[in-house]
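Chain IDs A, B, C and D follow the sequence of writing; residue 1 opens each chain.
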Amino acid sequence: MIHEIIFYGRGGQGAVTAANILVEAAMYEGLNGQAFPFFGAERRGAPVTAFARVSDKPILKHGMFNTADILVVFDQGLVASGVVSRVRLRNNGVLIVNTPERGLDLSRVASEGGFKAYAVDATRIAHDLKLVIAGWPVVNTAMLGALVGAVKLVGIESVKKAIVNYFGEKAGAVNAQAAERAYAEVKLVKEV
Amino acid sequence: MSLEVVNPVHGKLPITKPLKGVAGKTGLWRTERPVVDNGKCTRCFTCETYCPVNVIRVEPETGVSIDLDYCKGCGVCAEVCPVKAISMVPETG
Amino acid sequence: MSQPRPKQPIPYNMRDAFLPGDAACSGCPIPMGWKTVHAALGGKVIYVIPACCSSVVVGTSPGHSLNATVVHVPFAAAASVASGIAEALEKRGITDVHVVAWAGDGGTADIGLATLSGAAERNNNMIYIMYDNEAYMNTGIQRSSSTPRGAWTTTTPVAGKAEQKKDVAKIMIAHNIPYVATASIAYPHDFYSKLQRAKSIKGFKFIHLHAPCPVGWRFEPQYTVKMARLAVETGLWVLYEYQNGKITLSGPSRPYMDPSKRKPIEEYIKMQGRFRNITQEILEEIRKSVELNWEWIRKFM
Amino acid sequence: MGVRKALTGNHAISYAVKLVRPEVIAAYPITPQTSIVEKLSEMVESGELDSTMIRVESEHSALAACYGAALAGARAFTATSSQGLLYMHEVVHWVSRARIPMVMAIVSRTINTPWNIWPDHSDFMDQRDAGWIMAYAMDNQEALDLTIQAFKIGEDPEVYLPVMVGIEGFILGHTTMPVEIPDEELVREWLGPRRQPYVVDGGSPIGVGGLTMPEETEDIFHGIQESMEAAKKVIERVDKEYGRLFGRSYGGLTQCYRCEDADYIAVAMGAWSGDLMEAVNTLRDQGYRVGVVRIRFYRPFPHEELWRYSGRAKGVIVFDRSISFGGWGPIFTDLVTGLAAYTDKLPALSNIVTGIAGVNITSEDFEKLVKRFVETVEKGGKPVFFEWFKKR
């Protein structure tokens, strides 16, 4: 079973890193994976996408995609403003949004059919854990935790291990904690 | 690290070895030949030092000898000789 | 301050520099330079030669006239290929071989300048010798940036070159490399001692060798040495060494610090057919640039 | 046994270089190659990799420095893309004609102008006639494996040619995948000592590349052609040896994917061959007997393999990610020429040039194009011979 995932964030929020860590975690579980940035130049603050594929079979596809099984949005503003409608969710897809709200406005989400919407307050988790760099809350690791909380692609332990491998012992521990909290806190808020 | 120089199985290589007369018997290019007066010669080595064809040998006993097979007859030796012991004469042959 | 010079004649081993019968034009200064290089560095030299007269002078396959290793490289690549060779030798623990980039003025001052600059900035271990015959002689006497003002070439065929000669030694001094020198084929002992000094230093060494070309400069082949000497005696070409922020004037040029000791530049200019159409105005400009050059040198002494 | 790491295609190549440990690396930054040389610089500066890094001032000098190092008996590596590759093109020819093995990675990106950093095969194909062995990977694992094998292939006395290994920028270059990194000692043991036909180290005075008369020069160049032919066997042998030692074998000059019993053959090179294979899987499910032959080595060109797989096919469709302006796609041109050497009854042929300048081609696109081709032939129609397929 192949899962195609799009991470939607702003430049500097670490969407590409999240995709890479997911592949690393998939690798620990003997799965195949692919992670890539949008092919082009990115600028800090501008909306960015990162892509991942996870599968139990060899992945032959390499092309970019704009229809995903899972859409992970780092910033609810991107949902409300309709920026995320540049990509579409497949039928029975999953949307995971970083937001303190439970009542999400999903009118501007593009989808091929029904989908489930999950929410997690990754910004609060980041603030609680003092995961703030240059004034920006670091939400990517929390969103990874939320992703595997909502869809059991890989186990949270693998995600935590991959995070520590990426960030090193010290920064890795805090980020792993963020992932673990989001994993526990992510909630299904709406079925469309 | 170790290195093995092994001949290729196919094809020739663009390599050369030091060789005398790569441009042929360059003495044939000459229109004038140097003639040495070894009585005048002081064995100062100036002509040998400058000879652009590397055909002049100065020996303390015998003086200057020139390999005319390859001397191109440029006349530098005659020009630089401080005692004018070398003169250039037209090739007649 | 002057430095002590070796007084002995150039060693006999210069006889082994190359084998007679090469493809140089009559009176060519290039092989004269090789004899001195061989005398100073011995036979364990790897010459890296880009497109220039020397690529033809060494002769045609299956042989080459130089009694050393010769690597022919693309026009703009002498310093970079030499860098690669030098680094590989270092890695292989070979320390008794000298890498000499031997390039003309075109391959150095024009197409190869960026490459030269790169290798100098990296301080790669080589002696770079620019033999300067002041034009693209191999392709038939076209203007280079090292051609002097007023000189006829086939690409400055009517009025002569309007611009002045590029001073590559100065450019190399600006690179803060460990050793820069100028030399002349008329002064092999001076050139020899400079090579001796260069080989004792690790890093990038640059020697700018003045090498009059009878064919391109339009003079009789017997005057190659005379012409090179006149360039020094008129003060047009100054022999010096640059090390650690200081210029040391070399013996043959020392008298000409005093302008009154210099021969008139006309003596040099008038002997060469390439300057036959030179105007009084350009002659004055050349005179002025000679003065400026000496002034510049004095500042670093 | 090796370790697995999640690596981008560029870093997979850097790791391959680390295993080989060439004495000299020289490179100049260019998008999308840069992260190869950045990673190697990091490895060298941290002491992880005992190579000398020459930080050159241009690509021309990058390859020239590698040429010098390789002449002097060192294993040498460089990497570049697009404009950089074009800038060094003169030296590309120089190295192969000197018969000096070395390895260069090409992280493909199209050619300016206009500015465009996205991948197609134009830069790689531009080196077609330069006398290098030209390999192209489909994924990051293969990029690593090919880079290691490239040293072995090029240094074989049957071959003695430099080898370039291509991957698409971004599609592989910046895409992270799990990659198995083989054991360093085993790799170096397998590679053995550096081998080359002559060496420039001052040991004995030789000349390299001096003026040579026409007939002799022709002999030297003809030797390259003979070695290209011999390289076909060497490439296969190296692939098998590698498979035995490291557990991965790809099939030599080409990879055949569901093509043994196929009536129709689709041909492609590079990462998108995988998307094409996906499309073929879907078409097989729909009853179309289609297979893929993936070009792994563009030079020497696998004429014979392509004949073997497509000689009995009803149709062959070739996807080229570059164009010889005024002609057709280069893979197609080579393939048809090769088929003509074996038969005067050619199968139905079609050349699709697409994915130019980084245009994203998906397995759905391939599915549509291959299906259209097959259906046209099945209905007795004449398929389009050449089409530049644009997505809008």
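Just so it is clear, a residue touches a chain if its C-beta (ideal position, glycine included) is under 8 Å from a C-beta of that chain, and two chains touch if they have at least 3 such contacts.
Small disclaimer: the values here were computed from a predicted structure and weren't measured.
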Leader among chain pairs (count of C-beta contacts): C-D
Chain B and chain D: spacing of chain centres that average the CA atoms, whole Å: 51
Rounded Å distance, chain C centre to chain D centre (Cα mean): 44
Separation of mean Cα positions, chain D and chain A [Å, integer]: 34
Between chain C and chain B, distance of the C-alpha-averaged centres to the nearest whole Å: 22
Residues of chain D touching at least two other chains: 23, 73-74, 205-210, 212, 216
Where chain A touches two or more other chains, by residue: none
Junction residues of chain C - those touching two or more other chains: 58-64, 66-68, 70, 91-92
Contact pairs between chains, per stated definition: A-D, B-C, B-D, C-D
Contacting residues of chain C [partner chain B, same complex]: 9-10, 14-15, 17-24, 26-32, 35, 58-68, 70, 91-92, 188, 214, 220-226
Residues of chain B touching chain C in the complex: 1, 3, 14, 16-26, 29, 45, 48-55, 57, 67, 69-70, 72-76, 78-80, 88
Chain D partner contacts - residues on chain A that touch it in the complex: 19-20, 23-24, 26-27, 32-37, 39-41, 59-65, 162
Chain B - residues contacting chain D, complex: 1-18
Residues of chain C defined as touching chain D within the complex: 43-46, 48, 55-56, 58-64, 66-74, 76-77, 79-92, 94, 96-98, 114-115, 117-118, 121-122, 124
